[in-house]
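Below are structures written as structure tokens.
What follows is subunit A paired twice: with subunit B in the first complex and subunit C in the second.
Up next, the complex of A and B:
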């Protein structure tokens, strides 16, 4: 028996070493001399990359992924992570050492970061194929170079040489390393993007289905010189064009459904007609967060900072084992298989700006989605609307930027003192803090566009064509069965019943008389 | 009693296929309207559309037949004895000795009240249902005819009112089947074509 096990172990070990590695490229990076060395700093890898890929860093320098800055051509608003608020972790400003773990660069610790440096570009974040390249929060976008002990666990630094020798195309895993974990954890932010999409099945997403089409993100989010298409800031809500034919000269990207499917993909004209006013996603993504991972639905910062008797932070779990309360962050709620909220949307989004006045008596929209039934540009879109409470300045009436993450004395996650946190945040961001704060109710909209379900799971007619349907908040359209005139139906029903009654009574009288006559 | 041949083959075919179509249209139509769940919304919509076009086809034949045979004259309205007929159906019918004030002949197979009812269906209810139905069915082409601003709700409501009127007609019509000289005389006439008058 022992011999057999030993044999099996040796055998299992031998198989992989005989398996031939096939490379989907004309270049085998593992044979490159430039990469056959020890890297003590990740910028050395970039330097090696640039020795052949001479233009890549310059291309990266023009992208939103690099600059965390984006000018919306529709609104001229200066957006990007550097500029906008959200109602999750609120803002990376003053927290870059942490947040920059998702920056495609090395050393973004504060505003002084050199955005013109080519060696600071992180090629591996997107081009790692080994699934071993990780950047932890707190290192300004650098990977670990030495082992780290955290919560009693030893975290080993990634093998940079191995990773560099195995670079390749981007994948759901590389994009997902950041985009699945936005907002401070898996599935937190988007609802339609989480780690379940790394290896999804057909029911979760028909295109990314691991055993089927197996699309990578880049299949739709096509790029032009490293500039990835499919902006959340400037959304194509209505693509009226036909499907792109291979070889066709066009500057369109593939990041709309229509780019491949056109606006008439159904067998019947009735369904195709629906697509004039309804985004594909509305019917074909019946619910989001379907991968078995719950997404965060609300986040109340106003309760953050409570400590137990011994002055230690508190963690309260909900019945699903997710954090319901954290002293660092406040109260949360989570949900899965969430029915989206629906709005007319024309692609125009306006974000609240730093120092913009808010009305704290009302719900503050972090990003306003524009659209209406009659502007000719809108379709009914599914959204995740994330609601929460976040700090604002009572005197200046603008949203505050807290300093949350960091090893210094002002970081809220270290000392649970809002005062210090806001002062620090104000100093770094220039968004003033008067000394008085409170928490405003805010909401933020996220378009739902991933987790496309199989067609047999698409919405049934009755999901909308009935009273109190999913589209009950959609104004301006008449939907059969959904928008009946109740009083008219009531009156007509009464008339019908009276007629039936009259006919029956008359009939009975006749029958009765007939019977009596017969007896005589 | 003498048997007269009142309803010709085409008329009977027209009547019964129309009855089938209208009942199916009512059943599927009120489901689309959301009154109940029976066939499923998508199936109801498909059936409704198929029946609607079938009825259009049937009517084209019927109109042609009525013109060619001159039978359209059967529908020329008159108020002759209408009150008496109405009285008969409400009260007179209850008494054994009272007879129908109108006698059906080959040349006049409908009594004046009947004609008025059919005329009402033909000239008021029919056009409302047909017109609104066509607008409804051709909704996707409205922009081509510059009708973007036409209210679908208006069209749908007109169609619904037409449907209710049709339903009321159907109820009364079915009841009146039983008012021949025997309970089933009218039904027999519409099946065999012969009325015992």
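Up next, the complex of A and C:
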């Protein structure tokens, strides 16, 4: 009986909650004739959207979000998910059926995907406001159309008809549906982006604070014809211009701190001078992964594939209950409140390319961050440096692309056979596999820009200005109290010792003369 | 005479300065942990459970940094592993003269991250504190101090145990996880 009462209470609460929703727009999509129908396929919704928003798919077709491809104007490198490696899941190439759950399109299962089709554009991935639209891995970017049973649980398909009538602006939840879960899970990749930012408090992020400014991602990552600013492929490391005035026409990205706060945001000139060489994030994001969710710090693929005595995959949990080992993926480590690593950074990043030769005896940088004290373009930036081991070809000396996900016989997550996995990956990607593989130590850097702490919790002086401080690896600049100039220290020590000696000798002479006079 | 008086006073001042300088490190001590925050706390909990024959039981696990966050601030994380032993607490609680020492219960081991990114374990020097209250309390607290050494003796070969998130002051007595004193 109690169950029925509870159900009724929940049901009665849900209905008015939809009815009372205020529309923060001049258009109420639930009243649109085009959307007043039953949708059985997500592409039907796109068709309906495009009947009014005639240019949007054409705009989407020009974006990195759609093409998973980006030409870096600085380095001319062809980047984007389709082209680069990482040291998390390594590469979506040969795994699109799985990875395309985070593509803003429908049907991206292999290289034959039609990037020119307008109806393939997924409007709901970014514009759903019900928080019920989900795309599971393994369906080539389509949502479920029928109920699915997975691990004993029944997963219902999203109600496309309801979602279509409730489209609206993007939100932290829509952007976060992919960006919080990059690298294969919550908080895996970025460290400063995880699901705790859906409803953060002031301590976690002063801008996104749910009870305060309540910024959506789009407040900073502004969009121009669906092209979102603030790409990690082309980072503005040093924005030394004034704040952008609302309405001002400019080509500058608005997703820098200076775009709102200017380059002289502090009350004191000493701090403003610091900001000429130090990125705002360095002081104002003292630690990342502060939202109660640990971020993955290392991933060792070389241990993947171990099975138990009965031939079943193994799962080992760490003290916090997170996966520390999975047969599918290898060993991991996690951490929270992570103190960033700091580097000079001028905005130039060079990614390792497919077929590029590596030296497996050294740590391979998947993306190299450039910068120095004296290039005039660099600032000290906080980074998450993700470390791991991933496969490379012993003969050709380049990184390999494994085929991990899929229902076929070659997918590593099904058969735990690296040979088949690399052969399949090589056939699809064109990155040759000689038949001999090993695992190289790699690292990949990610700039930390979210989880901005309250100003009273920014770094204080002594967190940098002391020996072995956070900035101990920063070269080329003298930091008082942090760096020592040995000869200067020696001279000062001698001066102090001489002064002390002088005081003692003087005092001794005075006492000696006092007693001598007293005896007389 | 003046010489001796000056010498005596200088001696007192020097002792006070030295005492003031080293009191903190004598009363409390700190170890660097080779593990992460949660694993360190979990391994300490696991070690405490091995000493159930000495009456030890876990009393709770607190995260004081979360209270700071709830108030709008952010600090590096701290986990307080709380444990109590009826073997050591009973004689102290029984005597009116030593009941005041219940403020030291439960025994708390702090696990925290510092600005260098490393994890540290903070403990009270139970042996020294005990002897400040006389030989009876001293001998009881020496037992606590000996057990504390086992709390922080880690076996690398053992896999990471799960962190036991017990409610502070669970209230049960004896040797159950939420019990203690």
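Convention: the second predicted complex is superposed on the first by the 476 of 520 C-alpha atoms of A that agree within 3 Å, B and C clash if a C-alpha of one lies under 4 Å from a C-alpha of the other, contacts with A are read in each partner's own complex, and residues count from 1 in each chain.
As a working rule, contacts are C-beta pairs under 8 Å (C-beta built on N, C-alpha and C of every residue); 3 or more make two chains touch, one makes a residue touch a chain.
Remember, it's a predicted structure, so these values are computed and weren't measured experimentally.
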Partner chain(s) touched by A:293 [first = subunit B, second = subunit C, both, neither]: neither
Partner chain in contact with A:480 - subunit B first, subunit C second, else both or neither: first
First, second, both or neither for A:217, with subunit B first and subunit C second: neither
Which of subunit B and subunit C A:405 touches, first, second, both or neither: neither
Which of subunit B and subunit C A:507 touches, first, second, both or neither: first
First, second, both or neither for A:495, with subunit B first and subunit C second: first
Which superposed partner A:35 touches (first subunit B, second subunit C, both, neither): neither
Which superposed partner A:123 touches (first subunit B, second subunit C, both, neither): neither
In the complex with subunit C, residue positions of subunit A that touch it: 201-204, 286-287, 290, 316-321, 324, 333-339, 453-454, 456-457, 463, 468-470
Of all residues in subunit A, those that touch subunit B in their complex: 269-270, 273, 276, 460-462, 465-467, 477-478, 480-485, 488-489, 492, 495-496, 499-500, 503, 506-507, 509-510, 513, 517
Subunit A contact footprint on subunit C (complex, rising order): 36-39, 41-43, 65, 68-77, 113, 115-117, 159-163
Subunit B residues within the subunit A interface of the complex: 32-35, 37, 40-42, 45, 90, 93-94, 96, 139-140, 151-153, 156-157, 160-161, 164, 167-168, 171-172, 175, 178
